[in-house]
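In the two complexes that follow, subunit A is the common piece, with subunit B as its partner first and subunit C second.
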Partner chain A sequence: MLSMNNLCKVFQSADIQTHALREVNLSVNEGDFLSVTGPSGSGKTTFLNIAGLLENHSSGEFLLDGENVGALKDSARSRLRNQKIGFIFQGFNLIPDLNLYDNVDVPLRYRGFNARERKQRIHSQLERVGLASRMKHLPAQLSGGQQQRVAIARALATDPRFLLADEPTGNLDSEMAQGVMSLLEEINQQGTTIIMVTHDTELAQRASRSIQIKDGRVSEVPPLMKRVIA
Partner chain B sequence: MFFYYLRLARISILRHWGLSLLMVTAIALGIGAAMTTVTVNYLMSADPIPSKSHALHTIQLDNWDESNPFKEGLEPPPFLTYRDAKNLLSAKKAQRQTMHTAAKAVIEPLAEEDLPLYVTVRANTADFFTMFETPFVYGGPWQKEVDDNNDLVVVLSEKINERLFAGENSVGKSIKINGDLYKVVGVLANWQPKPRFYHVDKVKAFDDSEDIFLPFTAITRKKINFDDNSYCWGPTTDNWQDYLNSECAWVHFWVEFNSPAEKQQYRDFLNGYVEEQRLYGRFKRPNDNRINTLEQWFKAREVINKDNNMLMAMAFLFLGVCLLNTVGLLLAKFLGKSPEIGLRQALGASKSTLFYQYMVESACIGVMGGLLGLLFTYLGLAGIEVLYGEKMKALVTLDAQLVIFAILLSVAATVIAGLYPTWRACNVAPANQLKSQ
Partner chain C sequence: MLESGLIIRALMRNKIGALLIALQIALTMTIMVNAIFMIQDRQQQMARESGINEEDTFYLTNTIFAQDYNIQVGLQTDLNAIRKTPGVVDAIQINAIPLSGGGWSSGLQTEPGEDKDGIGTAIYMVDDHAINALDLELIAGTNFSPSDIGWRLPAQSAWPAKVIITQALANSLFPDNGQSALGKTVYISNNQPMQVIGIIKNLQAPWNGWSGVERSALVPFQMESRSGRYFIRTEPGRRDELMPVIESMLANSDKGRIIRRLSTMEETREQSYRQHNATNKILMTVVSTLTLITAFGIVGLAIFSINRRTKQIGTRRALGATRWQVMRYFMVENFFISAVGITIGIIGTVSLNYWLVNKFNMTPLGFELIALGVVTLVIVGQLAVLYPARKAALISPATATRTV
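Take a look at the complex of A and B:
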């Protein structure tokens, strides 16, 4: 489903080369819940950006559903992102000028759904995260946990096959974090593949698979090791 | 998606109303300045007689001094001598022809208690009215025979008829001009062609038409006083008959053709006429017989003079400065939206989609700038009217075409101003923006 072979990412600035990812070999299968851990600056976010087609890799091969995405143009990458990938960010990234309804509407507009289809999906997703009654509110009128639930509703509105979550509980207190984590688990159980970057080892342990990135190198964390780390 | 982008633009403009207002005002000021000058220039260069402009022509002949050319030889005198005008009129080689000039007179009161009325006069031949399509409310032009038999007749303007006869039908009544009784044969409707095409120059092109119209013979018989430019060379005397026979050029001469062939025939006739006159020792300069269209005539007479063009250029430069300010403000606004742009990219928007979205927002600002600019234009034109008085009134009116042009100019200018900020904003790396939010 998602396959990286000898994938590298090098950032070049002036005379300095920074190897963010080195020869990553990884396969993520349908229905996986993959947690990505590692120290700050290890390359976790770069990995997630490449997986989410927000950045290009420097070398190697990246297949998404069997399609080599390395040579795709901006419009094709945008279409793939819209159709197959949902994003959840640490900072929620809701558009402050738009109410909840319109925030969830954004990816649906780019998908080209008609008004009735969009309305049905927005209502359905906001109900799923328990915020249907507040769809006319602006993000600033919600708590952090509620904002993240809206972000999850937006990510799921297009029925993506992947959900990429970058520190989804990083800005939440533990109670809210547990709520969001439970929601992600529920989504995963319904068949959506999730890749989640986190610093929280306890949350990482709840994923079905874990990888660790250190100095740009990816290593799989075996289940036993996960318990030890925990 | 267009209506979705319109809605997003409305939300964004209202949300950042202060910045939006600055941009709209900057554009509006530029548009206001540009449109004020464009309006004046547009109306100055408008076709004052569209149904006839292709047919009407003025005649110039170079009768000037052999060794001292008129306007350094670049152009013959703008008018004809009385002799030439009379000869050309008598020849009747065009479909219609008229000679005319400006004069002034005094209408003496019929009742003792009234005051004399000083009036501007156009002294012309009969075809003047038909050629220039002057509208009549009462009566009509005088007969062509009047031009030969010296009848004392007059055509009044609506204004003078209102003054003298309270707007009643005055045809058949008489008025006393400079001591002679003239019979009213017609009353014009309000006829104010702008530019006043039959008598244009740098200064008088936008004056109102005359108060009364008299046969040209009123001038030649010295019944009224000549009041127009006269270009002379060679010796002159104070004797009026000598002046009429002199090489002084002062008579406006116009002809009307129905076809290019008629125009060519007339050109041949003019060449023949000048050759004939050479036999009498006249026309010693090389042939420069001109048959000017209305457009050529306006250009030669500098109806839109260089000052106006310079003013318009400066107004457009000011618009440019306003747009540069708008570029800066749009850049600040759109770069401030980088996180949103990054997010929209993550959610599936391509760069071209985003470009379209933000250009719609720019265009909306342009439309608002255009509308406010129209208000500034209106104020600018009102200012010109206050400054230059009633005679500029016809040149300071916005018509539908100008309104549409102002809005299109504003939108086009703002879209162009928005290109760079939008391009910059759409090329931000989404990954960086998403992390930094």
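Take a look at the complex of A and C:
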């Protein structure tokens, strides 16, 4: 479903070239739970941005469900993000002026669903993350773990093909992090593909596949090694 | 999908900035529409025709200082000389000049008696050449004959037996049928009768701000005065050439007087409405400045709001908003702020206008001017927010994943 072939990303500023990703070759299959680890500045966020169509790669090929996304216009990329990708951010990125209901509603409106359909999806997703009773609350009235659950509900509301999670537990204490991680595992077991960037090796090991990025190069971490580390 | 509900709910949680801009829009609307209304009112006043030929006419003041001067002979000699000058169409002595700001007025009434209300009227003392010299349009009746013209002596209180009045004055004196004024007797100074022998279409009074500016009467008098005005009409296009000629001719013909204050009717109109023009310019400057300040206010608020919400905009883009949808968000948001401002502004506009109408006896402003204000401010608002909205639309969706 997601395939990167010799994909490179180079940032050009004045006379300095920074190679953020070098010849990435990677396939992500339906139902995978892929963790992405690596030291700070290794290119994890760049990888996530490219995988999530938030920015373009410099060279190579990136196929999403068989479609070469490199040549797509900005508006087509926006549509594709809305239809196929759900995002979970480290800082939750909820809109502070909107209540939980309206926050989950945002991507649904871009999708063009009618009011009834949106209402049904919002209720269903907020129930799924256990926050249906607080849908009129503002994000600031929730704990970090609850806010991340709302962000997950928002990401799932459009029925995306895969979830991209950028350090989803980075801003949470360990108890809340465990809760969010369990929720992600549950979502994955229900068939949603997940790509998760994390610093936390313990969480990374709970994924079905792991890759490591170092100096812009991607390498797959074999399952054996994962067990040894565990 | 316009996200109207989300925009309104988000605005309701950040009311202060939006409300301040809405109030600024309301104030701009109130002042703009009423200022334009006042400008229009003045322009309409300035566009009124005086009823006389203003392009080919001028006047001067003849002041006699010689002690043994025969005023009656001198006046006839002067007028004959001016009228015979090649290029001159006609000339008269006149006691006041339309639009000049200074003149005579009296009350005319249809019945004699001190207890009867008179209609305020500008009085022009002229001879039988007045209709030709002023280029007036006689729409009913006849002109004065030379034998009708009498001498108005200093301190004289008697009035001549005939009068020519404007149509507006006829309508005021005889509201049921202005044309019926012809041949009727009207009374001046409470009980002195004058027969209306003619009706002229229009002749404005000397005072442009007077509500009865269209009410004037010609009375057949020549004034025996040591200071009088001569009003001269030339052939088209020859006024400027003949002004110094006539000034010099009069000055040289008799050394017992001086000729001064030569002025054209065009200059008189310009001077008469100078304050109107200046006020209109000030009002236009105020309106333009206020509109510009409001536009800058909208730009400022939008830029502040965008800078504050950069990450939020990136998140919206990540969640699937196209550039156009981001741009539209800010334009719709601005539309709602403008709508609140304009609604308050309409109330303010009508209230201020109500006060102006009652205070200064003006006609109420029309719906079309309010509609113009609404459309103008919506357009100004949308244009002002265009640049910040475009700036917002260019925020990268990758902003959503940045931690700083």
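Note that the second predicted complex is superposed on the first by the 229 of 230 C-alpha atoms of A that agree within 3 Å, B and C clash if a C-alpha of one lies under 4 Å from a C-alpha of the other, contacts with A are read in each partner's own complex, and residues count from 1 in each chain.
Here is the rule we use: contacts are C-beta pairs under 8 Å (C-beta built on N, C-alpha and C of every residue); 3 or more make two chains touch, one makes a residue touch a chain.
Just so it is clear, the structure is predicted and the values come from calculations on it, not from any experiment.
Peer 1: Answer with clash or fit: subunit B and subunit C placed together on subunit A by superposition.
Peer 2: With subunit A aligned, subunit B runs into subunit C, so clash.
Peer 1: Thinking of the overlay built on chain A, is A:F33 touched by subunit B (first), by subunit C (second), by both, or by neither?
Peer 2: A:F33 contacts neither subunit B nor subunit C.
Peer 1: Looking at A:R81, would you say it contacts subunit B, subunit C, both, or neither? Reply first, second, both or neither.
Peer 2: A:R81 sits against subunit B and subunit C alike.
Peer 1: Considering only touches as defined above, state whether A:F162 meets subunit B (first), subunit C (second), both or neither.
Peer 2: A:F162 contacts neither subunit B nor subunit C.
Peer 1: I want to verify the contact counts: of subunit B and subunit C, which reaches more residues of subunit A?
Peer 2: Here the partner covering more residues of subunit A is C.
Peer 1: Check the residue A:F62 against both partner chains and state whether it touches subunit B (first), subunit C (second), both, or neither.
Peer 2: A:F62: touches no partner chain.
Peer 1: Taking the stated contact definition, name every residue in subunit A that is touched by subunit B in one complex and by subunit C in the other, in rising order.
Peer 2: 45, 49, 52, 54-55, 74-75, 78-79, 81-83, 87, 89, 91, 93, 95, 97-98, 106-107, 109-111, 154, 158, 166
Peer 1: Can you tell me which positions in subunit C touch subunit A when the two form their complex?
Peer 2: Listed in rising order, the residues are 1, 3, 5-6, 9-10, 13-14, 311-312, 315-325, 396-398, 400-401, 403.
Peer 1: Which bits of subunit A are touching subunit C when the two form their complex?
Peer 2: Interface residues on the subunit A side: 45, 48-49, 52-55, 74-75, 78-79, 81-83, 87, 89-91, 93, 95-99, 102, 105-107, 109-112, 138, 154, 158, 166.
Peer 1: How about subunit B: which of its residues touch subunit A in the complex?
Peer 2: 1, 4, 11-12, 15, 339-340, 343-353, 429-431, 434-435, 437
Peer 1: Quick check on the complex: what are the subunit A residues that touch subunit B?
Peer 2: 45, 49, 52, 54-55, 74-75, 78-79, 81-83, 87, 89, 91, 93, 95, 97-98, 106-107, 109-111, 154, 158, 166
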